[in-house]
Structure formats: structure tokens, C-alpha cells
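Across the two complexes that follow, subunit A remains constant while its partner is subunit B and subsequently subunit C.
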Partner chain A sequence: MLALLLLCLRLLRAEPLAYPAVISPQDPTLLIGSSLTATCTVSADSRLRAEDLYWTLNGRRLPAASYAALGATTLSVALARLNGSKQQSGDNLVCHSRDGGILAGSCLYVGLPPEKPVNISCWSKNMKDLTCKWAPGTEGETFLHTNYTLKYKLRWYGRDNTCQEYHTAGPYSCHIPKDLALFTPYEIWVEASNRLGVAVSDVVMLDILDVVTTDPPADVHVSRVGDLEDQLSVRWSSPPALKDFLFQAKYQIQYRVEDSSEWKVVDDVGNQTSCRLAGLRPGTVYFVQVRCNPFGIYGSKKAGIWSDWSNPTAASTPRSERAAGGCEPKGGEQNTTLRRELKQFFGWVKKHAYGCSNLSIKLYDQWRVWLQKSHKTRNQVLPGDKL
Partner chain B sequence: MLNVAGEISGDSWGIFAFLCAALCNLPAVPALNGTDELGTGQSIQKTYDLTRYLEHQLRTLAGTYLNYLGPPFNEPDFNPPRLAWAERVPSATVDFDLWRGLTDNARLAANYRAYSRLLCYLRGLDGQAGTAELRHSLGHFCSSLQGLVVSIAGVMSSLGYPLPAGTAAAAAGPPAPAGAPASPNDFLKKMDDFWLLKELQTWLWRSAKDFNRLKKKVPPAVVTLRLEAQGF
Partner chain C sequence: MAAAETPSAALRRRDLCSRGIRLAGKMRSDVADLLDVYVERQGLDASANVAALDGVPAAAAERWGEQTESQRLLDNLAAYRAFRALLTEMLEEQRDQAGPADTALREALAAVLLQVSAFAYHLEELLRLESRGPPGEEGARPPAGPRLGLGLFERKLRGLGVLRELAQWAVRSARDLRQLSKPGPGGTAAVPAGPAESQ
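Entry: the complex of A and B
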């Protein structure tokens, strides 16, 4: 008898202050707009009564008008038209004793079931892997934590596979690193689930070869074209990973002046690995980038996905001669005039001076006199004529 | 070596006596590793610095996590009851005289045991909690905390103290959720999370004082003898 009593006491003591009260329902999940009546029952060995209790929701005291005593040790509260949970860990509904102490609590999960994820788009880097991203249905605000699972399977056979590496390209993305088959289409879909339900996106069907992207072109070199002031020559090599497959690859070049943010795009580069830019400004620094689209890889008839742009390469066009103004215009003029005169002098020497044996300044003066005479007869000599 | 400002604790006498005996037997002693002189002092300093760094990191992490738990958990004077499970989280609060009188070994062991357990529980925090950013911060903090555990172990071994039994696994790495008993409901789990963060804060505050004290009692001039197991 005594042993039994001791055993009972032991059992009672096993849960001392652990649970001074119990709330029901404990951690419920509810739809937005629904109502809830919760009860708080103090444990039998507590000296508290229903009138000693009060409720708070997320730290704010609930009005006593919504309370009802359902017995000596039980107080209920009525909550109507609940809003979505303030935090994804659940609203904190707490039962307190008169002095503010916490007796028990319950986490309310109020929200909406998930919407179908939409806009699934995928790309494969060099046919080695597959990354997909999607958007949550609506704005994604379900107030509850929503789990997304990307699933895929080969179209006509095979079992469902689940993607494991999430958030690789943003919050709604997943990366499949290996074991992908080519030449057979895949079915891909996303399942969204939260405490209130599950939603499955539409199935997207794709062939890995139709969504291939690659690295930017390598070894981009930009150089001048001889002395041409308005041209630059761009050369690159095809991205190394797909080097042997890019027969029909397309390239695009974009370039801009150093201090401008406006890019000019050259679209019709085709599958050459070099191109000449023309119509440029002389003496200007240009930044050039190239990207690649692995179009038609392995016979795919669809456009691939453009790679990222290569790192910008800079080069400058030659400075124009004419544009070098302000230097020494008079000097230039003099040189040309002198040269012309010399030419004429030598011509006269050949004709009239029987060779160059007595070439002297005297001869030069003689020629100048002759020049003056011939000018007088050929043209009207005007005052101020050069001597 | 015993450049102590206050009383000399039992352990220090032991070390002194041991050292005398060792020096008397000098020819038999294999090697006096002189480079360890600075090692211990630096380890203690490093551990102290780590606690300050973690304290700083925790302030931000705790703020974010408590906001995730929602009011009233993130209210400044929130003080829920410490229920049954929460009591299993090692408490940093201790009687002052008791704390002052701790031997170096006991002081270090208490820190080591506490952080090993705290790390274990921290790793068991909800893996789905909040935003990816919060999960990332939690992960980063756990790594830093593991660094602290390892650092304390380093100090203990350089002073020749054995690691407390049964806690080796915690420092080894992977999370042991089995070590953290599941709370019976979500609200109680929130309270447990609250107390976990609270205790972590208190421990880091206390550890700074522990290592400050150790710094003074174990100056760089301590010579650590590395001896083979025979006889010593």
C-alpha cells in the first residue's frame, strides 16, 4: 500500500512544473478567415482557477469579452476571422496566470494552401547538368512555410527522380548535376507543399539538347586594322567545352565607347570567330564583349541559350592625322611650297644649266629671276607678289 | 611560474611539486620543449578573443532568430519559465565564490562540456527555420562555435589536462539530433530555443571572464614538458 502511494507520488513528480496548463488545440493549422475557440486547462495540482487566467496573441492581450469559463479550471477564448500568421513559425497564442507568468502556449499556423508553381525554365551547361528555376504561384504569400520539390523523369520510361540541390540560382531553383540522358525528352515539374496542402505545376517537356548554354568565347582579342581610324578587328576562339560541336554556333558582339553605357550590338556575326567593327570614332577607346549560342548542337533545331558575355576587352582606334590640329600649320605649308619649288628648280637646271656641275646658290638666284620674268609674261603681276 | 596574485590553488601546487621532481631527475627527462612557452599563453588569448567574437555574432543571430519566433519571444524583457527540458541546457550561472575557487582544470572542463552540449543543441535547431539567410547565419555560427570547442581542447591539452569524458563526439562534427530530445509541442520548442540562445549568451559572457582569469594565472613563461608516458 505504502509502496503504491510512493509510486504514485513518484509519477506525479515526474512532471513537476513542466506543464502547468494544457492548451487545446495544440499547434493547429487553419485557413485564413476561419474562426477558432481555444481552451486553457490548468493542471489539477495548481491553485489557479479560470478567473486567474488571461490570453495573449503575439504578445497582445486578447479582450476579456472573448473569454468564457468552461469549468473551474478551464478558460476559453474565441478568435474570429483570423488573418494570416504574423511569422512563419506560427502565431503565439499564450495562456497566462494573473501575474503575467506563462502557463502554456500554442502555435497557430494560419494561411493558404500553395498555388501551382509557374514559369519553369531550365538550361544545361555544356550538356553536363540541368538547372531549373520557377516562380511561386501568386506572389507566394501563403503565410506558411512552403516547401518546393523539383521532380523529373524520362518521358516514356523511368521512375520519378527528385532534385536535391536547391537555391543554386536564386530562391526558387534547383540543380541536377549528373546522370542526365541526351536524345530523350524529360518531363519536369515542381511540387509546392505546405501545412494546408499540395500544388503541382504543369509538366514541362524538354530535350536537354534544346536548352544548352555554354561558357563565353575564350581568348577575345581586339586590335587595330593597320592605320584605319574607324575600324577594329575582333578575334576569339569558340568556348573550349563544346569546341568540337559548335559548327552552327552563333556569336554576338557588343561594344561601347569607354565613357558611355550604351552598348551597340552586332548580330549578324554568324559562326565566324572573327569580325571587323567599322564606322568607329578615331582615337577612341572601345570595350568589346562576345557571347555564344550553341545553336544546332547535335542536330537540335531549336535555338540554344546565349552564354554570358565574355569579360570586356579594350582597344583604341588610331588617332586621325587631320584631326591633329593646332600643331604647326605654317611649317607644313612651308614644306610643301619648298618642295614644289625645288622640283621646279631641278627641272629648270636639267633644261638650261647643262647638268648639275656648277650647282650653286648663284644658279638658284638666276632661276628665281627667270621665274619672276616668266610670271610677269604669263600672269598679271600683282603688287605684293612673292619674291 | 607560480606568479599568482592571489591564492595558489591545489592544482598549481601539484604542478610545482611535479616540476621540482622532474627537474631533479633532469638527465632522465627526454626533452624540454622550450617553444611551448609562448604556446599556451597565446592559445588562451586566442580562445578569449574567440569568445568575444562569438558574443558579437550571437547578438545579431539571436535578434534575427527571435524575430522569427515572433512576439513575445523578441520582446526585451521576455522571461518565460524554464521547463523540464530547458534545464538540461548547462547553466552558466554559478555562485561567485564557487566560480572564483575553481581550479584551472575544472574551469576549462566546465567550459568545454557546456559548449559541446550547446553546439549539439544548436545544430538541432529547426533545419527549415525561416529564411535561407537565417539558416546560413546559424550554420556559420555553429562552425565558429565548433572552433571555440576545439580551441578550449587545445588549451587543456597544452596544460596537460585530459578532456572531459563523453564529450569527444560533440567536437567531432556532424549534428547529433538524437542528443536534443524532441519537445512535445511547437510552443515548448520555441521556449527551448529561447533558453538555448539565452544560455549561450550567458556562457560567452562568463567565458570571457574565465579566460581572462586563466590568462593571468598561466603566464607565457609556463614551460610545458612533453614527456613520454613512462612513470609520469
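Entry: the complex of A and C
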């Protein structure tokens, strides 16, 4: 045990940090453009004298013209019109001996007071929590580290609370995980503070019910519509977390082809939980995502907040038999084909949908499925026959 | 000590040494990267002279070749326990003072702290294979008092000194473990050289 103690004592050598000089002021905070005179004083019993010293700022030697010897053991340096700190950990102003050794150092924090945080926005996931984001003032944190504190209280009678979980949704965000009240608005604000001061944002007032978002729709399925080469059917379930609450939901779909990063958005889906995508490219893989906007929760009049998009679901459209030939029909041929198809369509309507005044795209789709089937049968019987 | 080892204990010891050497190599390389980031973010000169620092275990060892196996393990354990406390302190200072721009530095510091903790655990396991096990941690915490009075520049320099010394310790530790895994009276087999050995 004694050996161990001696060992520890040997390892943790208790030599104090003995810097042979002192810089004044130590670690000052200054406004951009201000001036500073610093002094480096070596101890009187040292053999060093003022003329043996020189200064560096962030490793660059400062010109001797800015020095002044104040007695035998003190050298001052004058810094004018200071720029913002090069690093947030502070500029290093160092006093050296003639041989380059470091005698003492001081960190200079040069910057601006914080500006009022702006653009506070908040959302509650399934009414269980609250996350808020904001933007720093225009100068942001360019030179000095700025601390942000999100505070909130129930309007009228609450006491101030401080949010604890920062950076959960980006650099300027905070998450309140629980203990939130419904049906009473909250006052929310952000305080920015740095070494040069404090700035407080405007107060935002919100009711949790007005800022609810939810999980993305679950069980998104994408499937083919018979043999229709330009369509896909999308089905999904409403988010499970909000099923118990009185709410309406609207949905959006976005889709893109496999080799493109550009999404096409379908925003007229309404509150249905299925939709058909039309006008697609035959024989192509599509990625599809759905998102949900819950609104009118417990009678809230505010527009809801869109959920994240569901994970992409992929499906491919059937390969076109005509396209497979690798030959696009010419304009004249296209017209003839269209006329023939329309003539066939009206004949089919007369036969199969007599008395149905509700002509819709669904009926047209049904006809196209029928047409594809009849072509297939015909091709099987008469392989030489063309469309 | 090694002579009394059972075959399973010898195997365990060999495995621990082997993994420890690899960990020391990784630590050496990560601390070197961390030093680069640290020097850049703190605006320091990488070649700045830092005198011996209070509470920072020095890697330099006199008569290293004459040390016993126990002494090697105890030296290492005391050093890494001290580094664990020192790095924790540095991480706290970073949290207090640095902004979002220093996230990479904080993450790298946290990663090295984890490695140091893992290495200390390795050493404790090796000492458990000895008859008496690892010593208590009372003496491992560096005295907190003097640093309270340090200026911010001194703290920056101190951090530089800690990381430099840790990098040296990683090299020394790999060699210590290599010594430990050499065939001895107990018949333990040699362990292939780790990356730190080639540094």
C-alpha cells in the first residue's frame, strides 16, 4: 500500500505551474474596434528584464513599436482597433522571453453583445412534448460563444421554467419532454447571453393543441393497378398515436423515379388513406412517401403541422409492350391510335356502363384494364396482330 | 506470478494483452488527430513548450527495462486513471466555454476519454489476474484546487500538455503490454506487435 502511495505521488508530481511572469489584464472581454494596453511583469527575483521580452498574438510576433518598458521588469503592448476573436476560445496574447519561451499568456475575447434571437417556432409530437427552434441574431456567434436558454411559462399564472435538452433538432433548438399542460397558452422566449451581455427574444404565445404534429403515416403500400403501365396505387394507415384523439388529418404524397432526386408532390389527397398516381413512366421504379397533417385537434382552429415523410416505399410500373419495341409512334400514328382508342372506349361505356352518369377517371382506368386484358388475349390468339 | 497461472488464466492474460496493445495503438493515433484539432481550435502553436504539469503523469520512465510486471501494470493504471479525470475536466471546460463550432473537438475528446476508460478497465482486468487485484482509486484523482486559479491561456496550455503526455503514454503502454505478453516462466506466448509499436 505504501509502495502504491509512493508510486502515485511520483506519478502525480505536485509541481505547481510556475509561470515566471504575469500578464494584466487576464482574459479580458472587449468590443470589436476597442483598444487595449496589456502589461507583462516578470518577477523581481528573475534575471529577466523588460528588454528581454516580446509579445505574440495568436502566434504572430507583435511589432516592437507597440511596446513600452514600464520600469525594469514590465513591458507593455498597445493593441488598437481590435478585430473579432480569431477563435471562440479567445485570442492568445503571450509574453515570451528572448529565447521564445512562454512566460505568461492571456486570452482576449473580442466580439459583440448577442442579438435578440428571432423566428421562434415550436411543435408538439402527438401532444406529448414540445420542441422549439429559433434563429440567432444576424451576427450570430461569429466571435464569442453565446449561450441560449429557452424559457416558458403558462400564461397568466405560471412560473418561469427553463428548457434543459438543447440541440435536439439542430443547433438552435430545445426539447421539453413532459409536464406540459393543454388548454392554456404558453409564453415562450429565448435568452441569448455571451461575455458582453444578454439579449431576450420577443415572447411567443402558443397553445400546444395548435402546434401538434404526428408520426408519419404507417404501413405505406405501393402496388400496381392491374397492367396499367402508367399508374401505381398507394395505401397507408393513419398514424396510430393520434387515433384516440378528436382530429382530422390531411395527407400529402411525394414520389420520384429511382434515378432522380426531384420529388413530385400530390397535395390534393385530402383525408383519404389511398390514392392512385397516374401519368407515370412505364417500366420504371418509383419511390413514394406520405406525410400527415393533423388538424382540428379538440377543436383547434389552427392549421396543423406536417409530419416527417414516411420512409420511401418503392414499386415499379409495368413495362409497356409498345415501348418495349423501342419505337415511339409518329404524330399521325398517335392521333389515329387515340381516335381508335376513344372510339373503343365509348363503345365499351355503352356496353358496360349503361345508365352510369358518373363518368370518372376510375371508369376510364377500368376500361384500360379491360383493354389490356383483351389485347393480351388477342395477342395470344393472333400473335401477329398489332395494336 | 505467471508461474502460478492456470492455462485458462494465461489465455485470458494473453488475450487482454493482445487487445490492450491494439487499443493503445488506436488511442495513439486518435490522440494525434485530437492534438491537431485541439491546437487549431485553441489557436496554439503545436511546437509550444509546456513544462511538466501538476497532476499530469509523465510517460518518461527511468530504468523502464528493470520494472516488474506488477509495477508496469500499476504505473499504467495510475496514469490512465489520472488521464480519465484530466480528460473529464477538459471536456467540462469545453462544454462551459466552447461554442457549436467546437463540436468536433468535444466529440474527439469524448471519444478519447472512452478509450482511456476502456484501457484502464483492461489494466484492472489484468491486475485481477494477479493475486491482489487493482488498487482503489483514492489517489487517482488529480488535485482540483490549483487549476481553479489558472488563467484561460494556462488551461489551454495545460490541455496541450495532457494530450501530448497521453500520446506518449499510449506508446509506452503498448510496449509495457508487449513486455508482459513475452514468454515467461508461466509459458505465456508472445503477442503480435500492435500498431503503436511501430510508431
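Going forward, the second predicted complex is superposed on the first by the 252 of 387 C-alpha atoms of A that agree within 3 Å, B and C clash if a C-alpha of one lies under 4 Å from a C-alpha of the other, contacts with A are read in each partner's own complex, and residues count from 1 in each chain.
Please note the rule applied: a residue touches a chain if its C-beta (ideal position, glycine included) is under 8 Å from a C-beta of that chain, and two chains touch if they have at least 3 such contacts.
If you're wondering where the values come from, they're calculated on a predicted model, not measured in any experiment.
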Touching partner for A:Leu209 - first (subunit B), second (subunit C), both, neither: neither
Subunit B versus subunit C as contact partner of A:Ile120, first or second or both or neither: neither
Which of subunit B and subunit C A:Glu141 touches, first, second, both or neither: second
Dominant toucher of subunit A (residue count), subunit B or subunit C: C
Partner chain in contact with A:Leu75 - subunit B first, subunit C second, else both or neither: neither
Residues of subunit A at both interfaces, subunit B in one complex, subunit C in the other: 15-19, 23, 26-27, 58-59, 86-92, 94, 101-102, 104-107, 145, 167, 171
Complex contact set, residues of subunit B against subunit A: 67-73, 75, 80-81, 83-84, 128-130, 132, 185-188, 190-191
Complex contacts: residues of subunit A adjacent to subunit C: 4-5, 7-9, 11-19, 23, 26-27, 58-59, 86-94, 100-102, 104-107, 141, 145-146, 167, 171
Touch list for subunit C against partner subunit A, complex: 41-45, 48-49, 51-55, 57-58, 71, 74-75, 78-79, 82, 97-102, 135, 139-140, 142-143, 146, 150-154, 156-158
Sites on subunit A touched by subunit B in the complex: 15-20, 23, 26-27, 56, 58-60, 86-92, 94, 101-102, 104-107, 145, 147, 167, 171
